[in-house]
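Common to both upcoming complexes is chain A, partnered first by chain B, then by chain C.
Here is the complex of A and B:
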C-alpha cells in the first residue's frame, strides 16, 4: 500500500500529498455508499448529491483559497466575515446604487483582492504571523459589514434574481418522481463556477512554477529561499489568490442566498479549514491537494446530511459528529504517514 | 580582475550585533581549481559564503564575477544562482515534501509550466550518471540524509555553474560516498568550474584541493598553494599559534576510572535501539561507542538517557535499581546528554546564551523555583569564561553564534547541573580543531574529577585520544569491546568491519 508505479514500472512510494488525497476520496465514497445502503431515501437520488453541491459551491471556492494558503504554511481566518462583507456590499450596490450584476461581481472581486493584497503584504513583507493578520482582517470585515448596512435585506434586482434562479439541467441524470415523471437533475450557476475553479487551481498547483513554489515554501521556507524561490512573493501570491477566491466565493454565496446580512457565512472560515484538513491538507504546510479539498467539502456536508437524515437535527449533534470525523481523519492521516516514515 | 579568475572578492566586511564577523577579507577563485576555505569556527567562513550567495548583505567591499563588467551585487540566493553560483550547504536545504526530481529543478527552470516528464527524465539521467541511489519520482523526505546531500550536489552540478560552493558537504557522508563526491569534484574541475570547498577534515583538503585560503577571527590570514603549506603550518595558521597539543592531550587524566560502577544497564532496549544491550560504566571512566553511521551508537545512548521510549531492560545506578523512562528521570539521577543534532535537539535558537545555559538546571530545580536573574548571569559569565564561548554578551540569541560556540553553550548547560555521568554524542562534529582539542581536554579533565563520560565520535583517532574503552557497534548490535592494548586504529577497523575470528 502507499506505492505507485513510475514510468519504468518500478514501485515508488507515493508522495504524502497523493496518499492523503487517496484516503480522502476513498473515505468519501465509502461514506456516501454506506449512506445509500443504510439510510437510502434521499441518498438514492442523484439530486441529493447535486443539492450538496448547490449548498456548498461557495464553500468549495473558499476552501480552495484556504488550502493554498495552508499549503504555503499559513492560514486565513478572515474569509467567512469577508464573505459577509462581500454579500452586503454587492446587495447594497444592486438595490441602493442602481448597480448591475456586472458591477456587483466587480465589486466582490475588488473587495476580495484588496483584502488579499493587504493581508499578503503584511504576512509576506512585514513577516507578521498570518493568524494575527487575518484575525485583524476578520474583525475589520465584520465591522465594515455593519457600516455598509446593519440589517439583513433581500435583493430585489431583477437581473440578479434571474441569474440566481438559473438552473443548469443535466438531461441524462435525474430521477423519476411519484407520478412516474422523469425529473432531470440540476445545479446552480455557482456549482459550475466552483468546478471550473477547482480544475484551474488543480492545474495551477500541479503544473505551474507558482503552484510548485507554494509547496516548496510550505515544505521548508528556508530551503525554498536557498533553492532560488522568492519566498516573499510566493507567500504574497498565496494570500492574494486566497483573497481573489474569497471574492469569487463571496459572490457565489451571494448568488445562492440572494441577500445581504451581517450573519452570513458565519463560521465559513472554520468549515473551510476543516474541509481542507479532511481533504488532506496539512496545517504544517507543504502537503495538500485541491481535489482533496473538493472532496473534503463534500465529506463534511455529507456528514451533516447524514446526521440530519438520521433525525438528529440539532446543531450540536452535527457539530459533535463533524468534530469526531475530523479527529478520525487526522488520526488516520498521521497513522498512515507515521507507518510510511518508519518503513523508509 | 585577473585573467584566469572566475570570482574575486575585495575588502568584504560584515557585522552582526556589533560582532565583526568579517573584516576587509579578500578572496580569489580561479577557473578549474578546488579552493579550500579554512578557519576555526567563528573565523568567518560561513559568513563569507553567505555574503557571496546573497543570504547576507555585505556591509562593505566588492565582488567581481567573470563575464560581468564591474562589481556585481547579489541580493538573494536566486540572483546568485542566476549569476552561476551554486551552493551545497552542510544542512540539507531542500524541500522534504517534494520529489527528488523537483528538488533538482525547482527555482531555476524557465517558463511557467512544470514539465514533469522532461524533469523526471533529466533527473533520472543525472542520478544515474552520478551513481546516486534515489529515484526521480521519490519524495525527498524518504531518502537518507547522505542521499539528500548528494541530490543537492546533483542539483548544483546540473546547473552548469561557474562557481560551486561546497559548505561542509562531507560531514554526513561515509567514506565511499566521500570518494564518489571527490570524483565528481575533480570531474567538474576539469570542466573549468571553480570550487570553493569548506571542510574541517584536513585529509580531505590535502586529497583534492589546489589552494587554501585561511581565515581567522573574521580576518584574512593568507592564500597558499597546497604544496607550500604543510599540515602543521596550516593548523597553526588557523589557530594563530604553534600547536603541539595534538598528540599529547592524554595525561591530564587517563580516563580509565576506578572499580566503582556508576551505571549499569541489563538488556536495555528502546523503540530505536531494538536489540537489547548490556552496558556498564565506572566512576571516572571515559568510554566510547564507535561504529559506522547508522550502526546504532546514538540509539544506545538515547536509550540510556530515556530520550526514546524504553521498551525493556533493567538499569542500576550506584548499585540501586532505578527507573529511567524520560529524560527528566535521567537528569534527576545525574545523567547529562549532549545530543547529536544540536540544531534540532540541543539549542533553542531564539533564547539568549544565558537562558540556554541555565535551561537544564532550571528543569531540575522545577519551574516553581526560578533561578534569579543575578544568579543566572553569574552562571552564564562563569561558563562563558571557562569554555571560552565567543559571544557578544550573555543576552545574544544562541542562533547567531557559530556552530562550535553553540556546542559549547550546550556543554555549559550540562556542566552547570554537575552530572555524575555525561553522555556526549558527536560533540565535535562540524567543529574546528582548536575547539575539538579543548573539548577532548575537558572530557579528560571531567574524568579526572571522578565523573564518568561516554564519548561518541565519527573520528576514530579522536576516540583513541580520549576513551579508555570502546564499545564497537555494527547493525544495531554491540559486536565487541576494546580496551588497553587493543585500542588501535587497525583493531577498531577490523572489529567494525567484522573481521574477528
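Here is the complex of A and C:
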C-alpha cells in the first residue's frame, strides 16, 4: 500500500499529498456506493448528486482558498463571516442602492480582495500569527454585517432573481419521474463557477511557479528562502488569493440563498477547514491538493445527507456524525503517515 | 551628556518595554486613560440592591472583574495548552456547554423542573469535572499520541460538543429553582462581592502554587520549545501535552460551573459562544507566542481582563452587542500590530535615531 509506479516502472512510495488524496477519493466513492446500495431511494437519482453540488458550490470555493492558505502553513478563519458580510453588502447594494448584478459582483470581489490584502499584509510583512489576524478579521466581518444591515431580507431585484433561477441542464442525464416523464438533471450557475475555480486552481498549484512556491513555503520556509523564493510575497499571495476566493464564494453563496442575513454561512470556516482536512491538506503546511478538497466537501455533505435519510432527524445527530467522521479521518491519516515515516 | 542615574532609569524603562507583561499592562493603561478622559464615573463603585434585596457592590469595575472570571480561568488552561503543544484548543466553548449540561443533569435527574435538587452541588460539580477531564483527555490523546494538529483535533469536539450537551439532557432546558445553586454565579448571602471573582482568585492561587512548587511549568516550556531535546533530557513530551489538555478540561469544568450557576439554566447553542476565540486572544494579548514555548501565565490572565475591560467599555458607549465584534477587531489589530516584533524593532530604530540626533545636538 502507498506505492506507485514511477516513470521508470519502479515501485516508489507515494508522496504524502497523493496518498491522502487517494484515501479521500476512495472513501467518498465507497460511501456513496454504500448509500446507493443500502439506502437507495434518493441516492439512486442522479439529481441528488447535483443537489449536493448546488448546495455546496460556495463551500467548495471557500475550501479551495482555505486549502491554499493551509498549504502555505497558515490559516484563515474569517471566510465564514466574510461570506455573510458579502451577502449582506450585495443584497443592500441591489435592493437599497439601485445596484445592478454587475455592481454586486464587483462589490463582493472588492470586499474579498480588501480582506485578503489587509490580512495578507499583516501576516506576511508584519509577521503576526495568521490565527490572530484572521480572528480579528472574523470579528470585524461579523460586526460589520450587522452595521450594514441588522435584519434578514430577501432580494427583490429582477435581474438578480433571473440569474439565481437560471438552471444549467446536463445533457443525457436525468431520471424518470412517477408519471413516466423524463426530468433532466440540472445544476445552478454557482456549480459551474466552482468547478472552473477548482480546475484553474489545480493548474495553478501543479504547474505554475507560484503554485509550487506555496508548497515550498509551507513545507519549510527557511529552505524556500534559500531557494530564492520570496517567502513574504508568497504568503501575501496566498492570503490575497484566499480573500479573492472568499469574494467569489460569497457571491456564489448569495446567488444560492438570494438573501442577506447576519446568520448566513455560520460555521462555514470550520466546514471549510474540515473539508480541507478530509481532502488531505495538513495544517502544518506543504501537503494538500485542490481535488482532494473538492472531494472533501462532497464527502462531508454526503455523510450529512445519509444521516438525514436514515431518519436520524434530531439536529444533534448530524453534528455528532460529522465529528466522528473527521475523527476517523484524522486518526487514519495520522496512522498512515506515522507508519510511513517509521518505515522510511 | 546624560547623567548616569538617568541612563540607569532609561535602561530600566527599556527593560520594562521588553518584558512580556508590558503588552497587556500598556493595553490596560490605554483603556483606563481613555475611560478617565471620556467619563470618570466609569470607575465609580456604589452600593445597590440585588434581586434578593441585599446590598451588593455595583459598578463597571465590578462588572468587569465578575464577567472576566470564566475567561481568566480558561486563559490559564489555554496558556498551558498553547505552550506545550504549539496550538490552541478551540473546543472550550462547546466543552463548557457539555460540563454545564452535566451539572444540570446530575442535579435535575429526569425532571427538568425539579422542586429540590437530586444530588448535592458538590457531587454535580465533581462529576462535571470528571466528564470535562475525560473530554480533555480525548483531545489530549489525539494531539499527543496521534500527532494531530491541536486546532484540528479539537475541531472534532467543537463540531459535536453542543450536540452532545443537548443530548445529555434530552434536548430539554432544565431550570433549577433552588436559590442556593445561584450563589456560585451571583452573590453569596451577606457578601457584597460576586462569587465568580473569588472562584477566579482561588484558581489563580492554585495555578501559582502549582507552577511554583512543581516542574509543570518548566517541563511545559521545554516541550513547547523543542520536544526532541526535551525527550533527550528525560521528559516525555506526549505525556506533558496530554496533561495540559486534561488541565484545560478542569478549567473548562470550573468555567462551565460558573456559567451555569449565573442563570441556573443553560442554552446549549448560545452558552459561552465564541469564548474560545476570546481565550486564545487573551493568550496572544499576553504576548505569548501561539506557536508554543515560553509563556507567562500572569500576562495571559491580565490579557483576559483587558478583553473584558474593552468589552465593557464598548457596551458603556452604547455599542450594540451585535456590532461589538467590529470595534473589538479594530482594537485587537491595533494592539497586535503595535506589539509585533517587526513594528517594535522599527519603532526602536526611529526612537534611537531621534535620541542620537538629540545627543549629537547636545554634544555640539
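Heads up, the rule we're going with is that the second predicted complex is superposed on the first by the 344 of 344 C-alpha atoms of A that agree within 3 Å, B and C clash if a C-alpha of one lies under 4 Å from a C-alpha of the other, contacts with A are read in each partner's own complex, and residues count from 1 in each chain.
In the analysis below, a residue touches a chain if its C-beta (ideal position, glycine included) is under 8 Å from a C-beta of that chain, and two chains touch if they have at least 3 such contacts.
Just so you know, these numbers come straight off a predicted model, no measurement behind them.
With chain A as the common reference for superposition, the partners chain B and chain C occupy clashing space.
In the superposed pair of complexes, A:322 makes contact with chain C only, with no contact to chain B. Touch criterion not met for A:298: it reaches neither chain B nor chain C. Applying the stated contact rule after C-alpha superposition, one finds that A:209 touches chain B and leaves chain C untouched. Comparing chain C and chain B on the residues of chain A they touch gives the larger count to C.
By the touch criterion defined above, A:219 lies against chain B but remains apart from chain C after alignment on the C-alpha atoms of chain A. In the superposition on chain A, contact of A:49 is made with neither chain B nor chain C.
In the superposed model, A:227 lies in contact with chain B only, and not with chain C.
Annotation: chain B segment clashing with chain C after superposition, chosen from 151-159, 169-177, 367-375 or 457-465, is 367-375. Shared contact residues of chain A, touching chain B in one structure and chain C in the other, are absent. On the side of chain C, the complex with chain A involves touching residues 88, 142, 146-149, 151-153, 155-160, 162-164, 166-167, 171, 277, 280-281, 284, 289-291, 320, 322-330, 332-333, 336-337, 340-343. Touching chain B in their complex are the following residues of chain A: 6-7, 10, 12-13, 15-17, 206-213, 215-216, 218-220, 222-230, 286-287, 340-341, 344.
Those residues of chain A that touch chain C in the complex are listed here as 75, 122, 125-129, 131-133, 135-140, 142-144, 146-147, 150, 262, 270, 273-274, 277, 282-284, 314-320, 322-324, 326-327, 330-331, 334-335, 338. Those residues of chain B that touch chain A in the shared complex are 55, 76-78, 81-82, 87, 89, 92-99, 102-103, 106-109, 111-114, 116-117, 120, 135-139, 141-142, 155.
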